[in-house]
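Scrolling down, you'll hit the structures one after another.
Paired with subunit B in one complex and with subunit C in the other, subunit A is shared by the two complexes that follow.
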Partner chain A sequence: MDTLAVQGVPSLLSVRNLRVSFNMKRGAVRAVDDVSFEVSRGETLGIVGESGCGKSVTALSIMRLIAEPGRIEGGQIRYGGVNLLDLSMREMRGIRGNKIAMIFQEPMTSLNPVLTIGSQISEALRLHEGLGRREALDRAVEMLSVVNIPMPEKRAREYPHQLSGGMRQRVMIAMALCCKPDVLICDEPTTALDVTIQAQIISLIEDLKVRTGAAVIMITHDLGVISEIADKVIVMYAGKIIEEGGKTDVLTNPLHPYTEGLLNAVPRIDRDSDELSVIPGMVPNLAFLPEGCRFRPRCRYAREICRSAPVKASGFGGIAPRGVSCWKFQPAWGGEADV
Partner chain B sequence: MATEGAGLGAAGGFAGQEDAEARSRGFWADSMSRLAENRLVLAAALILAVLVAVAIFAPSVAPYDPAKQSLAESLQGPGARHLLGTDEMGRDILSRIIYGTRISLSVGIVSQIIACCVGVCLGALAGFYGGFTDTLISRAIEIFSAFPELLFAIGIMFVLGPGVINVFIALGLLSWTRYARLVRGQVMQLREMEYAQACVACGGSNARVILRHLLPNCFSTIIVLVTLGIPGAILMEASLSYIGLGVQPPTASWGQMISAAQQYISFYPYYSIAPGIAIIVTVLAFNIFGDGLRDALDPRIRE
Partner chain C sequence: MGAYILKRLAQTFVVLWGVSLVTFILMNVVPGDPVLLMLERRARPEDVARVRHEMGLDKPRAVQYFEFVAKAVRLDLGRSYFTKEPVTTALTRRFGVTVRLASLAYAIALLLGISMGVAAALKRGSAFDSLITGGAALGISAPVFWVAILLQIVFGLRLAWFPISGIRSPGSFVLPAAALGIRYIASISRVTRTSMLEVISQDYIRTARAKGLAEKTVILKHALKNALIPIITLAGTELGNLLAGSMLTEWVFAIPGMGKQMVDSILMRDLPMLQGTVLYVAVIFVMSNLVVDISYAFIDPRIRYSHGD
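Right after this comes the complex of A and B.
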């Protein structure tokens, strides 16, 4: 809600016109196309979308972890006055885990089975803060109690297989937060966990964000998670941002037909219905995108004008800057007939 | 959050003391206790321990100087004075076998360590970096393993000349491909694991990912490969010494003893039987121990 206050103040991390492509045998596929957003200190940005819409690739690009055959083609990722894309690999290593940290989706495989929990948490501390083994281990134990793991001294000496999924995700959070990063990127942190643990992890992340003042980028396909934790939301489809705005605005008053469809597809416990609402069709193959609006083939409002690329419309009031890429919100829409 | 913590605490409290101990035991303690359950493997380990002790304390264990000749006593059968008899120079066969343990064990172990170092480094590079590095190393592996083993060893010994150190090098060059092949495959698979990515995301360098996260995960397979590689190297040393390209006389080596015994085999078989048995027992013990180790370390048969 302090988004308004920080407008005008340079944001902590800003991504501008990011384009990432993957070189496939049949030519380059653009997984992220002209994506721009920013986050400020203490703010949580939610990125939502179906699998393959480019949300994880966006996250990995911020850390510059895109591996071959992927390549960041253009754009800027500005953090602390510098473009991260201009840094050398060595400088980038000083940022990763120290200033910008990441939590991965799969807690079962994100921890090394042959190293103790304590030594894995201390790794980042020893790398970035130059602590000795003993000091780093003490700090690791401290971090374990910060993420509410009972008996932290004992747990620090244990191996990952001795911990439950929820505990492991807590360890991952401890690892990510031990160097007090400014930005925490969470790539579907709760997808692999069961529902009760999900809620605990989400409130833990929220709690730690408030305590450390970090900015959080929460990547998920779960709108429930977004409604819990996000301040503002970006909806991605086939590599593009199609709608953005404050959480409440986007969730209660979706503008883009895709967002509308997504929200309708959430089963509601208070509505008695035998059928789940779905969006017809499938996410387009990024190598064969439809011309014009990428959502057109699945959109029930599609008209002839949608065959040309939609222009972003902004305004609409609301707390955070609101934008939508859909012809429905352009003056040209009125005169067109349905396809 | 408090609920999960409390629930886990309670579960921990209900579990028996014994169970809690088993849970907090490390990977190695767990594997070693499983290894100890197999009697045959335990016997093999015992034989290996004895062999190592014999090799180390050879001067005090051996009844005679292995090089001391006494032509008057040549080619004597087993008896009270010479437990396993004497060879054509009147040297005590038992003492020569005891000293030969040093050669066989050191050839086996050192050559495998050399092979392991070369193979693990190249395999890890190939598996981690892929692309051109991988192509280069993979082709090298294929070329090296295309030669028949003995012929290849003979070739290297010809170039290097005979001698114990050269046997180490030749046998090391002969078997690095097995390590490289295995580690390459494992690293290739492991680098996709999220913890490898997580290390990079924490600011770790490639070297750190390989050395701290990937190779420790290959360790159990490497150790099994070393144990199973040693008997092969011992046999190969025996073969090389047998054809006169390995360890040179008067140093005692089992292969070389069999070679010398060959011309007396029809009327004096003891001479060749004794070192033959030594080779068989050692190789068998290593093989059984290696198999047992593999079973004990295999994560798929862990409960």
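Right after this comes the complex of A and C.
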């Protein structure tokens, strides 16, 4: 699959043909298979897909935080003119938390229980910006007020268990943004939170993105989040990108049957609730992938031809380049592609 | 924090009171009449009665108990039947020796145990890890006196590097401390390894790495501090075992510490000395638990704040 080429704007971060596999007892499973995308400054890329589709692995690969038994097998992650996969660990540490920062799904467990909030935020400042203890702590307090935490001085002296989940996620955001990163990766930042808190966190991220001009990669399985914040979207299924395009295009005119299924599973006010349908079946176990199209066993359009691997079709117009990996959009399918 | 410490102090007092009661009862059910033990076998009955009266043994048990407690809090534990030395003086002198031995062993055990455990966890699955894990299994199952005798034979007799008995030079402490410490090096390294492995798979360790921190900082600052919590629990409970182990070690190496004192006073039926030793050891045990609990609070803010403050 070739790369999305954004017209005119040079991309800030581009992932090319990324392959990540995990060495399990029964053999290697490829959790991310030939994934390519790019983001530019001030742009938000949404990555959607059900749980287990390889979204987190993709994000962790960018940070080079894939640990044993995982291994980045191939591809490139280009940032600032270099391939991050070629950097030494030391050089990579200079990027992490500084140029590329990440927010994780679980705010309850992502902060160190025995260190104060203030020290956890100031750590990155001392490391990357060379600030002294005092200055770093002052900046940490400042960051807490940027993410709308009331009484920031007091909170900085507190420990994670004294904060609610929403507050902790704000702390994570403050921590990620304190060194003004170029790229902010958010891995399901609201999944573990209450609905009302979710909306606040999303608008906070959006707000900060506008203010800092960072590129944002927003990983979620919630299409509502995508419609709120993303400029363009990639849809992942079983380790592969199956559809990509501008947000509005993908959300209003899904091409891939999987995207269509995801959209049908979202409750909408303009539709009867009994029309709501979940996609039958489950994401396949990566060790036992079906032959051909990975979505075939769950796809209501599946035909004999789907037993061989689908080819990517591109074009379709739209703001961002559009692509879909489905036989329906190949001439071999027959004339009625746009059902 | 303050409230937590006060609460633990109050609990400690209750436990100490219980300890004094149990000690007193035990001493009163030990077979053998202490007065008869002290006097000549053919002492006259009126002498026996006089000594019994002098020692206050003719008073009701309850009164005896309160007198015992009242004296004990003033650190008066009576005198040895045989040397006539005040028990407190003897114990303090002997305790100093035990403390030197136990703290040396303890320091070695903590230092080596924690660093070996951390290293094994970081090199999980390697030959080094197997060596540490295997060695630990061996070290935990080896009885103290057996290790002690082995060390005496190898380093004392064969190689003649260190003395095998007495405390004439600082070198005298090397073999006893090693004999005593090996077991704790083993158990502490084992717990450290397990605890470390659990901690380094936690989300907050990934967060620390995502900040760009060097691996050394991730391990020593973010992981070890969390991993220490079970290590402290172990180190605290092992402190009691360490004292017990030091009794055996002192016996094998003929070191005049608390352990040797206790064994000697049992053999000689020196009841005030034995009673004092038991009480002393119990107090140390309880106090060490108190210190352990308070040190938790310093490490783990969740404990510090969950009890008032």
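What we mean here is this: the second predicted complex is superposed on the first by the 318 of 339 C-alpha atoms of A that agree within 3 Å, B and C clash if a C-alpha of one lies under 4 Å from a C-alpha of the other, contacts with A are read in each partner's own complex, and residues count from 1 in each chain.
Keep in mind that, in the parts below, a contact is a pair of C-beta atoms (placed from the backbone, for glycine too) under 8 Å apart; a residue touches a chain by one contact, two chains touch by 3 or more.
Keep in mind it's a predicted model, so treat the numbers as computed, not measured.
Student: Using the superposition on subunit A, tell me whether subunit B and subunit C clash or fit.
Tutor: Aligned through their shared chain, the two binders clash on subunit A.
Student: Is A:Asn148 touching anything from subunit B or subunit C once the two structures are fitted on A? First, second, both or neither.
Tutor: In the superposition, A:Asn148 touches subunit B alone.
Student: By the touch definition at the top of the document, which applies to A:Tyr159: first (subunit B), second (subunit C), both, or neither?
Tutor: So A:Tyr159 meets both subunit B and subunit C here.
Student: After superposing on the shared chain, does subunit C or subunit B touch more subunit A residues?
Tutor: Counting residues of subunit A touched by each partner, the higher count goes to B.
Student: Identify the partner contact of A:Ser203: answer first if only subunit B is touched, second if only subunit C is, both if each is, neither if none is.
Tutor: After superposing on A, A:Ser203 lies in contact with subunit B but is clear of subunit C.
Student: One more residue to check, A:Thr252. First (subunit B), second (subunit C), both or neither?
Tutor: neither
Student: According to the stated criteria, A:Ser314 is in contact with first (subunit B), second (subunit C), both, or neither; which is it?
Tutor: The answer is neither, since A:Ser314 touches no partner chain.
Student: After superposing on chain A, which of these stretches of subunit C ends up overlapping subunit B: 37-45, 55-63 or 235-243?
Tutor: 235-243
Student: Residue overlap on subunit A between the subunit B contact set and the subunit C contact set?
Tutor: After superposing on chain A, subunit A residues 63, 65, 93-98, 101-102, 104, 106, 109-115, 123-124, 127-128, 159, 162, 172, 175 contact both subunit B and subunit C.
Student: Which positions of subunit C touch subunit A when the two form their complex?
Tutor: 202-204, 206-214, 221-222, 225-226, 299-302, 305
Student: Write out the stretch or stretches of subunit A touching subunit B in their complex.
Tutor: 63, 65, 68, 93-98, 101-102, 104-106, 109-115, 120, 123-124, 127-128, 148-151, 154, 157-159, 162, 164, 166-167, 172, 175, 196-197, 200, 203-204
Student: Which residues of subunit B touch subunit A in their complex?
Tutor: That would be residues 1-5, 8-9, 23-24, 26-27, 131, 193-195, 197-205, 208, 212-213, 216-217, 219 of subunit B.
Student: Under the touch definition given earlier, write down the residues of subunit A that touch subunit C in their complex.
Tutor: Interface residues on subunit A, with respect to subunit C: 63, 65, 93-98, 101-102, 104, 106, 109-115, 123-124, 127-128, 159, 161-162, 172, 175.
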